[in-house]
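Structures given as C-alpha cells follow.
Two complexes, one shared chain (chain A), two partners (chain B, chain C).
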Partner chain A sequence: MLRRIGASRQAVADRLRIGVLRQLLRSRLGLHLARAVLGRGPAPKPYQRVAADFFLQLAAGAYADRRARVVWANIFMPPELFWGLGLAPFFPETWAGLGSSLGLSRLGVERSEALGYPVELCTFHRSSAGLAAAGLYPRADAYVATSSVCDVAGQMLAGYAHASGRPFYFVDVPQADDEAAVDYLAAQLRELVECWEAQLGFTFDPERLRQAVHLSNQARKLALEVAALREAQPAPLRGSGMMDQLAMVTSIFGHPAGVAYYRALRDYAAERVQRAEPEQANQRVRLYWMHLGPYFATELFPHLEDDLGGVITFEELSSVWWDELDEDEPLRSLARKMVAHFLIGPVERRIEVALGQVARYRCLGAIHFSHWGCRQSSGALHVVRNRLRKEGVPLLVLDGDCVDPDNLQLGPLRTRVEAFMEMLV
Partner chain B sequence: MVVVGMDIGSTSGEALVLDAESVLAWSIVDTGYNSRRAATLALDQALARAGLARDQVGRIVATGYGRVAVEDADEQVTEITCYARGIHHLFPQVRTVIDIGGQDSKVVAVGKGGRPLDFAMNDKCAAGTGRFLEVIGRALQLELDDLGPFALKARRVADITSTCTVFAESEVITLVADGVERTEIVAGICRAIARRVGAMARTVGVEAPVAFAGGVAKNSGVVRALEEVLGEPLLVPEEPQIVGALGAALLARDGPAPA
Partner chain C sequence: MRRDAPAGQTVGLFSSQLPRELLYALGCIPVRVFPSAPKPTAAEAFVPRNFCALSRLILASFLENGQAGLDAAVFSDEDDATRRLYDVWRACVPVPAWGFVEVPRSASGLAVGRYTSILGQLAAQLEGRAGRSLSAAALQQAIRVYNEQRQLLSQARQRWLAARVDTSTYRRLRRLALTQDPLAANLALREALDETNLPGEPFVPGPAPRLLLLAELAAPAGLVRLVEERGARVVAEDSDLDERGSTEPILTEIRTVDDGLAALARAYLSAPPGPRMRDLPRRLAQLARLVAERGVQAAICAYSKFCDLYLAEYPAVRAHLEGLGVPVLLLELEDDAISGQQRTRVEAFLETVQAQTAGAGSAGRGGRGGRRAETDRR
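What follows is the complex of A and B.
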C-alpha cells in the first residue's frame, strides 16, 4: 500500500513537471526565465553566453513562434540551409542531449519503452521519442533526414512524420566524395528547397542563403583558429568542456551567432594560451577523444582530467571537416560539405582524420566512448583500433551512454581509465 | 624494506607480504559485503603469518575493485597493471595474461618488465566469470571445487547456448530434465566461459606464452576448455589467486617498470 502511494506520488510529480515544462517552453516568459536562470549559474564564459543565447533563440523559434516554419532534422543536415531559408530547425538528437543535461533522460527513456521502442536502440533517439511523446518537443511543419552516418535518425523522423501527418523528406547522401556525388546531392537539395517552398509557403531568397554561407565561412575560419590554438602545450581548454562542440558544429554555422560564438571562443582560448593559464591544471597525458561523451553530470571527466591528469586535447566531433563554401554556389557547396564528412564512406576516412589529429595535437593515446546502441560509431571500431595500434596509438574503448545515466557504470569506467593512464605514463 | 600488496576483489581479498628477497607470506579471505573489513582481515592474517607487525611494513599498494577500501594503502593501482607485473615476475616469458575472477574477467598484453601494453575487460556481465560457475554449481548441487574434476570426466560437452548467467541456469535445468549427464553440463559451462573469454582475448591479440590467473584458474575444466579455445597451452601459477597482490607488492617495492 505504502509502495503504491509512493508510486502514485512519483507519477503525479512527473505529470506536474512535464506540464510546467511544456508551458514554459512554449512561452516567451519561459525563455526569459531560462535566460535568467542560466545567467545566475557559475559565471559563464563569454562563448558559453553566446551559445546559451543561441539555443534559447533556437527554442524560441521552434517552440514559441507560431509563425515559424519548424523543421525537425537529423544533425547531418547542413544548418546553413535552414538559416538560409528562414526556417526554424529542431534537432531531436541535440535536444535529447540537452534534456539529459537537465535530468530529463530517464523520463524520455521510460516513456519510449512504454511506447514499445526496443532498448537496443540508441538512447538519443529513444529519449527523443519519449520526450516528444511527453509533449516536450515543439510542433513540426516538416521533417527531413539524411541517409548519412546514422540510419536510425531517418527511421525515427519518418516515424514522427507518419504519426503527425506532416511531410517527410529524405536526402540520400552518397558514400563517395567526388564530383558526381556532389552533383547528385546538390540536385536533391534543389528539389528539397522547391518542395519546402510549396509545402511550407515561402519564397526562396538566394541572397539570404548566400548570406548564410558567408556567415558559415566566417565562423569556419574562427573555428579553425580555435583548433590551432588547441595545439598549445599546456592545452588551453578543458576537453570535457568542448564535448558539446558537436551541437555547435551541427547547428550554429550559417547563423550570425556562429561567428560570435567562435570569435568569443577563439579570444578566450588565445587569452589562455597567452597568459599560460590552462583551464586544466593537472596535465600529464595528452589524449584524443573519439565520438561523444556523457551529457549528464558524471565523475568520469573530473576523475580523468583532475585526478589522473588526462588531457583531452581535441575531440573527433569538434572537427571542421569541410573546405570553405562557395558563396556563389551555395547549394552545391553545401552538398560538397555533406559528402566530405569523414564519418561517411570507408572507415579509413575516419582513421586518417584520427591519426592526423593525434599527430597534430601530440596525443599519446585515444579514447573512444562507445555510446549504447550507436552502430555507426562502433561497427568498425575493431578496424580503427587495429590501425591505431599499428601506428603506435593505444586506443581505450569505453562502453557507456551519452544520454542515460542509468546505463553508465562509473566503477568499471574508472578502472579502465586508470589502467589506460597507467599504461601510457 | 617489507612491503604489502593487497588485491581486494568482489569475491575474495588477498594480501601478500614481500621483502627485498622473497615472498614472506600471503592470505586469502572472503570479501563478503564489507570490503574494508576484508582488507583489514587479509592484511592482519598475512602479517601474522609473516610474524610481522603493521609498523614494520614500509609501503602498501592496493588493487582490485575494493582498492579504495584499503585504508592503509600508500597507493592504488589497477588490477590491469598489477596482473601484468605479477605474472611477469612468475613467468617472465609470458606475453598475455588472462584473469578470471569472481565477477569480472580481463586479458592483458604484457610487455617489457611486466608493463601492460593493452587490455580488455568484462565486468558488466556475470557470464565469463567465477560467479557464472557458482550459480551453475548451485543449480547442479555441486561444490565449486568439484566442478573442474567433474568437467574433465565428461565424454561429451553439452552445448550451452545462452550467454547470460540467469538464462544459462534455466538452460542447465532443462538439460538436467532431459537426462544430460552432469559432467557434460559442467564441461559445457566451462566451454561457454572459455568461448566468451577467448573472444575477449582476441580483441587484445593472444600472443604466446599465455598465463591464466585468478580464482577460476583453479578450475581444471576451465583451464582445459580455454586451452582448446585459444589453441595454446596455459601457464597456471601454483596459487593463481595471488597474482594481483604479488604485482601490487612488486610495485610497492620496486615502483613501475620503466617504459
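What follows is the complex of A and C.
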C-alpha cells in the first residue's frame, strides 16, 4: 500500500515536472529567464556560460520559435550544414544526455518500454524515445540521420519520421575515406539540400553555408589550441569536466557561439597553464579516456580524480578529427569531414588515434567506459586492448551506463578503478 | 550448365546484398555463413556479453570448429555488429578475411553507381586471390546459374504455400541454396520439385492460424517446429533465408563486366529491404504485402538478443502489423534453442490467436481483432 502511494506520488511529481519543463521550453520568456539565471549563476566558468547560452538559444530555436524549421538529426550530421542553411537542429541523443543530468532519464526509459522498445537497446535512444513521447522534445519539420558509427540513431529517427508523417533523409556514409567516398557523400548532401529546399520551403544561400564553414574553421583552430594546452603537466583541466565535449563538437561548429566557446575555453586553459593552477590538485597518473562517461552525478569521477589522483588528460570523443574545411567547396569538405571520422571503418583507425593521443598526452593507461547498448564502441575491445597492451598501454574497461543511473553499479567500478590505479602507480 | 573451372575456394558471406554471382564467376563457391555452435560460450572471451547474439554464435562456431569448411570470408557493412565482428574475426578466427564490402543503403541511381564501382574494386581484389580474371562471359554464366536458382526457389515457394512441400523441407532447400555450390543446389532443388511435380495452384488459406515470422538470418528451426506442432502454419518468413533474397531474374544481356556489375548492383539493392536500409515505408509495405497475399493472422519477431537494427525497428513494425489486425509476439533469442519460458509464451500467444481465429470464424471472416502485441521480456 505504502509502495503504491509512493509510486503514485512519484508519478504526480513526474507529471508536474514534465508540465513545468514543457511550458518553460516552449516559452520565449522562460528561456530568456533561464539564460539570465545561468548567466548570473554560481560563478560558472566563462566557456560554460557560452555553452549554456548556446544550448538555450538552440532550445529557443527548436521549441519556441514557430517560424523555425526544426530538423531532428543524429550527432554525426555535420552541424555546419544546419547553421549554414538557417535550420534549427535538434539532436535527440544530446538532449537525452541533458535529460539525464536533469534526472529525467528514468522517466524516459520507462516511457520507452511502454512504447515497445526492448531494454537491450542503448539508453540514450530509449530515453530519447520516452522523453519525446512525454512531450519534452520539440516538434520536427524533418528528420535526417547518417549511417555512420551508430546503427540505432538512424532507425529511431526513421521511426519518428514514419510515425509523424514528416520527411526523413538517410545519409549513407561510406566506410572508406577516399575521394570516391567523398564524391558519393557530397552528392547525397547536395540532394539533401535540394530535398529540404522543397520540403521546408527555403532557398539555399551558398554564402551563408560558406560563412558557417568559415566559422567552423575558426572554432577548429581554437579547439586545436585547447588540445595543445592540455598536453601540459600538470593537466590544466579536469577531464571529467570535459566529458561533454562530444555535445559541443557535434553541434556548435559553424555557429558563431562555437568560436566564442573555444576562445573562452582556450583562454581559460591557457590561464590555468600560465598560473600553474590546475583544476585538479591531486595528479598522480595521466590517463586517456575512451568513449563517454555518465551524464548524471556520480561518485566515480571524484573518486578517480580526487581520491586516487587519476588525471584524465584527454578524451577520445573530444578529438577534432577533421582537416580544415574548404570554404570554396563547403558540401564537399563537409563530406570529407564525415568520412574522416575515426570511428568509421575498421577498428584500427580508432586504435591509431588512441595510440597517438596516449603518446601525445603522455598517458600511462587508458580507461574505456562501455556504455550499455553501444555495440560499435565496445564490440572490438578485445582487439583494442591487445593492441594497446602490445604498445605498453594497459586498458581498463568499465561497464556502465551514461544515462541511466539504475544501470551503473558504483561499488564494482570503484574497486576496478582502484586496482587499475594501484597497478599503474 | 557446367563451370569451366576446377572446384574453387569456398568463401563465406554475411549479407544477402552481396552478389554471389561475382564470386562464382571468379571460380569461388560463395556460401552464406550460418552458425553451427549451439551456444556462444566460445565467443565470450572476444566480444562483450551484450553483443548481437547471432554474431556471437557465428564467432563461436568458427572458434570451436576452426575453418568450418571455409577458405575465406568476405565481410560487408551490414551493421555495427558485423563491422565489429570483422575486427575481432581477423584477430582470432583462422579463416582469412578477403575483404570488407560497403553495401549502400539505398537503391537510388547514385547508390547503384557507387555499388557498381565497389563491386569492381572487389572483383579486382578477388581476381588476385582466385587466380583468374573476371570476364563478361563468366559473369553472364554465373547470373544464369543464379537466375535458375531463383526460379527454382520461386517454384518451391509455390509448392510450399500450396502445402505440397512441408515447411521444414522448404526451409532446408532454401538453406541449401544459400550454402552449397549453386549447381549442386539447383540439382537438389530440381529433384525436390520433381518429387512434387504437380501443377502450381494459388495459395488458399487453410483453417490453421497463419503466421508471419520475422528474423535476421533465419528463424530458428525449433521455433518453426514448435508453432507448426501447435497447429499454426508458417506462411511467410521475412528473413535473409527467404523473403529478403533477391527474387527477380537479373538481366543476362551483358556486353562488358561493368554492365554485369551494374545489373547486379541494381538487383541486389532493390531486393526487399531489411532494416539496414532504414527505408521504413518500403519495408512496411513489403510486410503488408505478405500479410495480404498470404492471409497472415499473427506474427512472431524472432530476433537475436542485442541485434539493434531489428530491435530498434520493432515498435514501428509492431504498430504497423497491429494496425493491419495482426498481433505480434517478440522473442529475443540467445541462440537457436527455444527456452522453456519462450516456449510457454509462444504457446500462450498461439492459443490466443487460435481462439481469436475460431471466434472470427464463427462470427464470419474479418475477425482479425488488432489485439495488443505480447512482448517476451526476459
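A few points about this structure:
Basically, the second predicted complex is superposed on the first by the 415 of 425 C-alpha atoms of A that agree within 3 Å, B and C clash if a C-alpha of one lies under 4 Å from a C-alpha of the other, contacts with A are read in each partner's own complex, and residues count from 1 in each chain.
Here, a residue touches a chain if its C-beta (ideal position, glycine included) is under 8 Å from a C-beta of that chain, and two chains touch if they have at least 3 such contacts.
The model shown is predicted, which means the values in this text are computed figures rather than measured ones.
Of the two partner chains, chain B and chain C are each touched by A:382. Once chain A of one complex is fitted onto chain A of the other, the partner contacts of A:172 are limited to chain C, with no touch recorded for chain B.
The wider contact with chain A, measured as residues touched, comes from C rather than the other of chain B and chain C. Of the two partner chains placed by the overlay, only chain C lies in contact with A:154; chain B stays clear of it.
In the superposed model, A:184 makes contact with chain C only, not with chain B.
Of the two partner chains, chain C is the only one that A:370 touches; chain B does not reach it.
In the superposition on chain A, A:320 makes contact with neither chain B nor chain C.
Of the two partner chains, chain B is the only one touched by A:412; chain C is not. By the touch criterion defined above, A:423 lies against chain B but remains apart from chain C after alignment on the C-alpha atoms of chain A.
In the superposed pair of complexes, A:195 makes contact with neither chain B nor chain C.
Shared contact residues on chain A (touching chain B in one structure, chain C in the other): 382, 399.
Residues of chain A that touch chain B in their complex: 382, 385, 389, 394, 399, 409, 411-412, 415-416, 418-419, 422-423, 425.
Against chain A, the residues of chain C that register as touching in their complex are 45-48, 50-52, 77, 79-81, 83-88, 90-92, 100, 102, 104-106, 110-111, 114, 117, 275, 277-281, 284, 305-306, 308-309, 311-316, 318-319, 330, 332, 373, 375, 377.
Across the complex, chain B meets chain A through its residues 65, 77-81, 115-119, 121, 123-124, 203, 256.
Those residues of chain A lying in contact with chain C across their complex are 115-122, 125, 129, 145, 147, 150-152, 154-156, 158-159, 161-163, 168, 170, 172, 174-176, 180, 184, 187-188, 191, 346-348, 370, 372-373, 375-376, 378-383, 386, 399.
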